[in-house]
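Look for chain A in each of the two complexes below; its partner is chain B in the first and chain C in the second.
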Partner chain A sequence: MGILRFILRRLMFAVVLIVGVSAIIFFLVNAIGNPVAMLAASQPNATEDSVAELTRYYHLDQPAWLRYLLWLWNLARLDFGSSITYNQPVAQMLAIWGFETLKIQIPAILLALGLAILIATIASRRQGSRLDFGVMSTALLGQSLPAFLMGVLLILVFAYWLGIFPSYGAYSTRTLLLHSSLADGLWHMVLPVAMLTFFNTATLTLLLRANMVEVLRHDYIMAARASGLPERRIIFGHALRNAIIPVLTYLGILFGLMLATAPVTETVFTWPGLGFLYINAIQQLDYPVIMGESVVIAAMLVLATLATDIAYVLIDPRIRLD
Partner chain B sequence: MDTSLPARSRIRAPRRPGVWRQGWRRLRRNRTGMLGLTLVALVVLVAVFCPLLAPYNPDDQSAMMSFGASAPPAWSHIMGTDRLGYDIASRIVYGAPTALTVGVGAMLIASLIGVTIGGISGYAGGLADELLMRFTEFFLVIPVFLVILSVVRLFGIIVVGTWLESVPHLNLGTIIVLLGVFGWPPIARLTRAEFLRLRQLEFVEAARCIGARRRDILLRHILPNALPSIIVVVALGVGAAILSEAMISFLGFGDPNAVSWGQLLYFNYETLKVAPWASLAPGAAIFITVLGFNLLADGLSDAFNPRLRQ
Partner chain C sequence: MTAPLLDVEALSIEFQTPSRKVRPVDGVDFAIGRNQTLGLVGESGSGKTMSSLGLLRLVPRPGRIVGGRIGFDGQDLLALSEPEMAALRGRRMAMVFQNPAYSLNPLLTIGRQLGEIVAWHERLGRADAEARVADLLGLVGIADPGARLRQFPHELSGGMKQRVCIARALLCDPWLILADEPTTNLDVTIQAQILDLLRSLKERLHTAMLLVTHDMGVVARMADRITVMYAGRVCETADARTIFRAPLHPYTIALLESVPRADRAYDRGRRETLPVIGGRLPDMTHPPAGCRFHPRCPEAIAECSRVLPLATPVAPGHVVSCIRRGSASIPVAA
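Right, the complex of A and B next:
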């Protein structure tokens, strides 16, 4: 099967997925009742006219299935509607808050990949040594230490006890009010990125080391050794290239996992990202935001797996698409 | 008739330990696996004997009056008190049964669905297999955690004013059911792979030849042989479910009437700076439990499939 047909099929699957997820959430939110009525109940000086106007604006006087179809139709034109509590277009909000999320997720994944390659290569070359055992035990422990607990520890030690890094937020108030400062933004990123990197590194190292050990046993490694290639070229040119393929496919899953648990990791650092926004939206029943975000995250998950599948094929010519 | 006894004993095959006994023997020699088993046993023991172990009633806030809220560990409160005046050690101990109920309950539901779907898919093959696996794939890519969060929150609003409100621990029950309903895809995939592998082995063919019914082949020949592998995924799933419940509670979507570690973190995270013990203790409890199940699963997988790792 051609790669284009494969991509097309997966994209169709993504559409089915998005329709499915959004339908589940839409009808659930709908079962609760009227978000505008809830909003009005909390605003004592809301007039009947403004309530009626809002109700008409969100089409709450129409049946649920019709509103769902309307929502889908708007989504097809990339119109996510506007937030009930923030009075902003959802698309704009997703872009702003999503940037903050990716700002800590992507560096954490890339850093972890680099660290895992370094650590796993060293450990697998000294199999069974004390160093190998130590690295593997730490990685096994690290994999069971949930990222958000690591975050709590990091805040306690580096923000409260040592006072080096800030404990919350993406920028300090000073930056927000006076001038934008790159250094300040980076300074705030250190702890959240460290938290995510630690977890990702543990997982990736375990996987990569297992693959390296497996690959190093193959005959072609022995053949390379016999032909007198320098060890460095054997490790990086032959062994690592083969061992890293399953790790690359795992990156997509890992990215998805990080995105899905963003509400937790971002709550720990009061980080203004998609996860934090999601929690707020659920609390306020801001359903355009809830739906828009679920759809965007589901789409990112599918695209991440698709990207890794394509990378898989490009790296390993033995793999066929089906 | 004298000769029948020795004759029969001669043709009897030498008794060899079954897969379970062999697995146990290998597990006992596996250091990580035994560490995991010890940690899990510790949590189970604490959960079973929690009324005996806890120094205070978990709902006792009397420390507020004398000892003080957010007080550091001391002899009378070995892990200190939290900002609501609860004795943390007692809340930790009483959190163990909650955690285990969530983990085991969710995985019971997940295994029931997963083994059924995976088993049918693997044994039947063809169109049924294709459809069921697409369905499983769909569930695998749903951002489960986000969906569970919204459902828990929304369900909590729907039930207000209905008879459901009087059900004890309704919120916790909802979380367990949701974790189960969304947690089955890995079990289904593994079960399918095992059924596919086992159904073409000789002993299944032999069973078919002697005219065993399909139900018996599935439940008495294939399923018992697939169980060791399934148990590994289930052990991993128990740890993951406990972690998910902790995260849901940490975000404030947990059951306010249940004593849970995540909830303890939620209530005390704000005071991390002045009373770190109140957040560290539940954090450590979650870590130990999740670690225990992960290591146990690791050990079990080595014990049941020794050829995978040499």
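Right, the complex of A and C next:
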């Protein structure tokens, strides 16, 4: 019962958050300018009639507050409206472009978690050794390097110099035209996933190593050793389990913000995902798309936080909800 | 006399960092017979805990055992391979730690973390292992063991946790229990209960025990023999009666005098003051030359800083290392 009430309360909070976030973004975008006017300026042969029709179609002749309420009303019925520049339903666009984003973000987070567990475990057991020092320095460097710089370096080395991986896009043009190919899709994923993985691994490793070093000093680890348990089980069954608890929060943030951080990766690799779409929509003042994506980002963050809290309860018996 | 169960000779543990070298345990000897309890007594930092971890070969890094011999049931533990040693830990020699609040994994149920140990050593299935854990929990006086199996450490009181830790040490019928200050972190009333429990279990299960403590009252109740340590070296070893009735080493004497007694009134200036040992434990990075106790010793002479006293028998079963008591000695390098 407790857990259902907890989830319900969080979802109610999510609604409040989404209304607040969307209102701020709506009026900000509105303050920047009129999307139809921008569209008309880029089309020399647009007639006054068509401009007027578009303006009416998107209710741009109405006051901003009324348009916001209309947008909110439609959202309540799960209608995200349609894009001004792409002339497609926003919901459908979010699904298609969103898939491309998740395709690189989720593998990058899971891969990073696996790598961080491996590296942090080895480094923490040889605390103070050269290996540990090397791991720490690399991770610190990886964490402080701007994410796009790593992407550009990867493109330079693996796409431009070595020519092994493609430098942009999710599919080759030829594949798009002729037939779909899983191998081609995976091939294009390598560099963007590598860039994200490197960045995520750096932070996760630093966090996890610090926690492991602390946990390994605990008496219950010594007690497990004194009980003759094999080292493998002490590390994975006892130490890692305790050390990963504080890392859950960061993992939740990674999942929650993966759409919000997508623009950097997707701009570097010209990746047809939500991040790329977001930047484009902002440039075009395509407010239905901006609004739709902002709602999804806010909702993701709330869901990820909720999932983190539930994970805490499942792993640590000392923590209770509410 | 038959060979003792545990026979430690000249055990030395060293911590070496790039800048300095410390020996918290320096040439320590002691022995424990089967079914016997040895009290290992000394101030904090005298090397008691490190010695007991040394017996399990679990000295934390960067420390390591640099010399000596640990005879256990006829074999030298320092000659065993790591897997052989691991098979012995928890099965033949088990440990009860000082702070029960920290020595249980907070994330696992009692049944799970104790069951895991039996299952591993005895190759038992989960159900059999948990049945064994429940038996042991009953044996250490925990009511309703079946329900406790499913509880987490934070749901138990301090005394209850220490009972669980004792049960954990007894899971595989060990020959020797290392109890490191098992009652220091408990309430006084609980302390007495835990000590009684340890003593009765030891009698029933015919287990030997190394009881590490700084509390002379605890060893008086529990120990058959007593080894007194100071700054990483053994001062005196004898039967408990001898230590209390006729102590020889000046440190042992001072330690006993500093225990408050109920039949005396201590009142500064007027009648009697509780004697204390002046000064403090030496900095172990630069221990005093010669006998390590000489800077605080009321009987010290100039010779004490020039020679290292050796553990020397003065009577059957009574060993003292003090040149004022006629111990042998070796000159220290100047």
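In this section, the second predicted complex is superposed on the first by the 316 of 322 C-alpha atoms of A that agree within 3 Å, B and C clash if a C-alpha of one lies under 4 Å from a C-alpha of the other, contacts with A are read in each partner's own complex, and residues count from 1 in each chain.
Here is the rule we use: contacts are C-beta pairs under 8 Å (C-beta built on N, C-alpha and C of every residue); 3 or more make two chains touch, one makes a residue touch a chain.
Note that this is a predicted model, so its numbers are computed, not measured.
Q: With the two structures overlaid on chain A, would chain B and chain C clash, or do they fit side by side?
A: With chain A as the common anchor, chain B and chain C both fit in the superposed model.
Q: In the overlaid three-chain picture, which partner chain does A:Leu156 touch, first (chain B) or second (chain C), both, or neither?
A: The answer is first: A:Leu156 touches chain B but not chain C.
Q: Applying the touch criterion given at the start, work out whether A:Asp79 contacts chain B, chain C, both or neither, answering first, second, both or neither.
A: Touch partners of A:Asp79: none, neither chain B nor chain C.
Q: Looking at A:Phe148 after the superposition, I want to know if it touches chain B, chain C, both of them or none. Which is it: first, second, both, neither?
A: It touches chain B, and chain C stays clear.
Q: Identify the partner contact of A:Leu17: answer first if only chain B is touched, second if only chain C is, both if each is, neither if none is.
A: The answer is first: A:Leu17 touches chain B but not chain C.
Q: Who does A:His218 touch here: chain B (first), chain C (second), both, or neither?
A: Second partner only.
Q: I'd like to know which partner A:Asp184 touches here: chain B for first, chain C for second, both or neither.
A: neither
Q: Taking the superposition on A as described, I'd like to know which of chain B and chain C A:Arg241 touches: first, second, both or neither.
A: second
Q: If you count the residues of chain A that each partner touches, which comes out higher, chain B or chain C?
A: The larger set of chain A residues in touch belongs to B.
Q: Looking at A:Asp132 after the superposition, I want to know if it touches chain B, chain C, both of them or none. Which is it: first, second, both, neither?
A: Touch status of A:Asp132: no partner.
Q: Just to confirm the value: shortest Cα separation between chain B and chain C in the superposed three-chain model, in whole Å.
A: 15
Q: Return the residues of chain A at which the contacts from chain B and from chain C coincide.
A: No residue of chain A touches both chain B and chain C.
Q: Taking the complex as given, what residues does chain C use to touch chain A?
A: 53, 56, 58, 60, 86-91, 94-95, 97-99, 102-108, 116-117, 120-121, 152, 154, 165, 168, 178
Q: With touch defined as at the start, can you tell me which chain A residues reach chain B in the complex?
A: Within the complex, chain A touches chain B at residues 13, 16-17, 20-21, 24-25, 28-29, 31-33, 140-141, 143-146, 148-149, 152-153, 155-156, 160, 256, 259-261, 263-264, 267-268, 278-279, 282-283, 285, 290, 293-294, 297-298, 301-302, 305.
Q: Residues of chain A touching chain C in their complex?
A: 218-220, 222-230, 233, 237-238, 241-242, 315-318
Q: Which of the residues in chain B come into contact with chain A in the complex?
A: 32, 137-138, 141-147, 149-151, 153-154, 157-158, 239, 243, 246-247, 250-251, 265, 269, 272-273, 276, 279-280, 283, 286-287, 290-291, 294-295, 298
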